[in-house]
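Below you'll find the structures, each written out as structure tokens.
What follows is a pair of complexes built around chain A, which joins chain B in one and chain C in the other.
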Partner chain A sequence: MITTILDILIAGLLMGGIYAIIAVGLSLQYGVARVFNVSHGEFIMLGAFGTWILFTAFGINPLISLVMCAPVLFLLGFYIHKTIFRTLLRSSKIIEIFESKSMLVAFGLMYIIQNIAILVWGSDIKGYSYLNSPVNIAGAVFPANRLVTLLFALLIGAVFYLFLSRTRMGKAIRASAQDPAAAGLMGVNINQVLALCFGFGALMAGFAGTLLSLCFPIKATMGMEYTIIAIIIVTLGGLGSIVGSFIGGFILGIISSLVSYIEPSLTLVAYYVIFILMLLIKPKGIMGK
Partner chain B sequence: MLTLNTVNTYYGKFRALWDVTMQVNEKEIVALVGANGAGKTTLLNTISGLLQPESGTINFFSDRIDNIETNKIVEQGISQIPEGGKVFPEMTILENLEMGAYTKEHWKVKDETIEFVYSLFPKLRERKKQLARTLSGGERQMLAVGRGLMSRPKLCTFDEPSYGLSPKLVTEFFDIIVKLREMGTTVLLVEQNVQQTLEIADRAYVMENGRIVSEGKSSDMLKDDHIKKAYLGL
Partner chain C sequence: MEILTLLKSNKTLRTATIVVLILLILATLPIYTPDYTIVLLSSILMYVVLTVSWVLFSGPTGYISLAPAAFIGVGIYSTAILGDSMPFPVVVLVSGIVTIFIALLVGALTLRLKGIYFTIFTFGLLELIRHLVLFLELHLTGTRGRFVIAQDFITVYFYMLIILAVLLLVTFLINRSKYGLALRSIGQNEEAASHIGVNVTTVKIATFVISAFFMGAAGAVMATRWTYIDPGIAFNMFFSFMPVMMALFGGMAHLYGPIIGSVVFTYLEEFLLTKLPELYMMLFGAIFIVAILYLPDGLLGVIQKGWAALMRKVRKDNLGGNHANS
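Now for the complex of A and B:
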């Protein structure tokens, strides 16, 4: 019994790492930049395919791709915000109008990126194997790549946390999340901060994509599932709370591992139940004030 | 130092400022008074670049600032202490102050400036690790002023700094404003507390329905029964 619980917990934490990174990304895009980015999963997919291509065609170690794919996606996100979303923001009189318009644009991005991916790579499942030798963690056996994934997720989370809490730009991002007008009065270039946050969201998606491709098969339509997971975690953790999203990722990871132990087909159902319950009982999330 | 020439600002189709012309000279305390909704905050936000005027010009020293972004205006030396303080609730007092020195030039000397702000408001030093949301209304206002000084502004604009404060704290704030001017900072002060404001100000502008309806030496205004009755509610 105790070993089962331990198994479930460990499996949950291993999955939770990726979830946490994905959710932190969406939290930056929605919580700060106010773009409800339903194409978040497509950026994850691009990160995964980038890593797969680099590995299968050029033999590049996926852990090196981690620092190659994500920065490219950062630039893509940054410039998408700078061109499309900034123009939308300028033409929207109030933020609610911007939110609804930007969500529609994100839907468009989702279909565009997904369909280009299908055209280029086809819609079948791809994958490669890397570090899949079994490792024994406290009696539970997992492929080594799962453990590597968790370690990198924790590392990315820690580095980003230090960036937000210690650096000038990190503080500007937090200030802008709390009160953009006041941050502007401090001399923060709000437009730049918003574009950076959208870019960082894509960066996180890129990291998550690489890490996912390490452990699981990938396909061009894989994005949607992760977008939904990210939305649920951001709601769970509290909109605008990046720490809440990180913790929420691990909570959802453990829940998913628990539910798949009982009945795997109910995982998505469980996610939605949590989502609805959170909205009803604690709409501001676990870290909401 | 600051010159506004026939400035018009709109919220969509609603015209909030009508041909506002005004001037603030170096080391003055200039008061901007008038009823709620007269356009005082709109005027400060237009100066700060949070709102763009539809027409007219704003000059700060010799530079035009009506067509540049807020962050550039802060760099030029104008700092607004917004209504209600607007401190960052989930950041510590120290972090709030650091944010005040966000522009590159001031970030380099932020530790010195923080010491200066602590000397003005010793309470902020005691609580520097506390989150701003845990502060009382008066303390938040103190933090907002301290944060506004972190960019070592040449011109400080205050939007109702005494709002919601106890009479004792109000008097303390007016003392601080006088002290700032003695140290060489120019002050543009929006206030509801008309009597006390006119007592410390050199000159004043009266606003009504988005227009400047009267201007002059504040000592004269305090003597003018018509202005006192018609616009100042005194």
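Now for the complex of A and C:
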């Protein structure tokens, strides 16, 4: 009994790390750049496929791909914001209009990216194995790659947290999240900050994609599932809060492993019940102000 | 003559006459057009119904709802389950009523949420219902999909036309009643609206429910065209984004904006899907983005701008002519 509970808990924590990274990305894109990015999962998919290609075609270690794929996606996100979303921001009179229009643009992006991925890689499942020797954690046996992903997720989260709280750039981002107009008046280059935040969101998606491809099979249409998970965690943890994203990620990870132990096909239903309860009880989330 | 002067003086009557004429023309179309046109027109009518009923609620209030796909899916599943036990008109009506109950529940739960939280919720609702239905189907009936009793394409067409006619009438009546005014006041300032005595929650839920009824009914009719459905087909996120996109693409300043938007967009979808099925998603996504970026007031805005420019030119020419005469 106790070992089962431990199994479930550890499996949940191992999953929660990746979930948290995914959510941090969306949290930045919506919390600061005000783009409700329904194409977030497509960036994750691109990260995963990038890693897969580098590993299978060039034999590059996935942990090295971590610092190769994500930065490329950062640039992609940065330039998408600089071109498309900035044009939209300029033409929208109020922020609500920008929010609804940017969501639709993101839906268009999702279609484009998914179509390209299907054309290039086909729609069947791909995968590779790396570091899947079994490891024993407190009686529960897991492949080593799960442990590695959790460690890297925590590391990425911690570095990014320090970046936001300690550096000048981080301060500018936090200021822009609170009040873009005032931040602009204080000399923050607001357009640059928004583009950076969207880029950082894509960066996080890239990291998450690489880490996911380590543990799970991947396919071109995998994105939507992770977009939804990100939306739920962000709502759970509070928009724009990194700590909240990590708490939400671990909660969702544990719920996921608990429910899939009892009845696997109800996992997503369980997510939604939590999500709906959270929206009704405290829509601002655990760490929301 | 008298009728003509009456039509000239009364704008509402004029619009009503035009709408009735168009509906009559549409109703006689199956006599002299090829079958394919009727099938295409049914899709167009479906999207017009979806978009107009989406605008009915989201247009004046500004609450961006991503629930259409959920309501359509509920309509589709009601038809699939009830299809062989009742006559078709009853099935469509009952599907609409089932959708009403879902919408009542959702509305009561969520219409207290503001802005993006409402959107997020309705986005999640679709996936929740889809997975729940999938779970129930797998565990209770042991099937993944269902067969729907097919109706011939003329029946589908006429049902869509009737639903559209009723929807247009309802929209018209709501817009000119005090409820329409209350809805618009909610969109402008919800707190002020509630202070001057508008029962904000009731008005919002009532409109949300009415718009859901038409989506459910449209889904019920369309289900007979697909013959086979499963949760993935019935609860397709695409149906949530299309009405929003078509409304924005057409322009929401007038009722005919969304109608133009859905006609053009459905035709475009059909064209791309048949001509370039492999690049369909990509091209459609690109059109989505370009339309949002470069048509801020929709096609309606473009038409109005063009019309205004034309009028200015005509007036200028007239003035010039007068000068020459004097």
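Points worth noting:
To be clear about the criterion, the second predicted complex is superposed on the first by the 289 of 289 C-alpha atoms of A that agree within 3 Å, B and C clash if a C-alpha of one lies under 4 Å from a C-alpha of the other, contacts with A are read in each partner's own complex, and residues count from 1 in each chain.
Definition applied: a residue touches a chain if its C-beta (ideal position, glycine included) is under 8 Å from a C-beta of that chain, and two chains touch if they have at least 3 such contacts.
This one's a predicted model, so the numbers in the text were calculated from it and none came from an experiment.
When the two structures are aligned on the shared chain, A:Lys82 is found in touch with neither chain B nor chain C. In the overlay built on the shared chain, the residue A:Val269 is in contact with chain C alone; chain B does not reach it. When the two complexes are superposed, the chain touching more residues of chain A, out of chain B and chain C, is C. Of the two partner chains, neither chain B nor chain C is touched by A:Lys126.
In the superposed model, A:Ile112 lies in contact with chain C only, and not with chain B. Judged by the touch definition given at the top, the superposed model places A:Asn189 against chain B, while chain C stays out of reach.
By the touch criterion given at the top, residues 93, 168, 171-172, 174-175, 178-179, 181-190, 289 of chain A touch chain B in their complex. In the complex of the two chains, the chain A residues touching chain C come out as 30, 36, 38, 84, 87-88, 91-92, 96, 99-101, 103-105, 107-112, 114-116, 118-119, 224, 228, 231-232, 235, 265-266, 268-269, 272-273, 275-276, 279-280, 283.
The part of chain B that touches chain A in the complex is made up of residues 12, 48-50, 69-71, 74-75, 79-80, 82, 86-91, 95, 98-100, 102-103, 107, 133, 147, 151. Remark: chain C residues 62, 64, 109-110, 113, 115-117, 119-121, 123-124, 127-128, 131-132, 134-135, 138-139, 237, 241, 244-245, 248, 278-282, 284-289, 292-293, 296 touch chain A in the complex.
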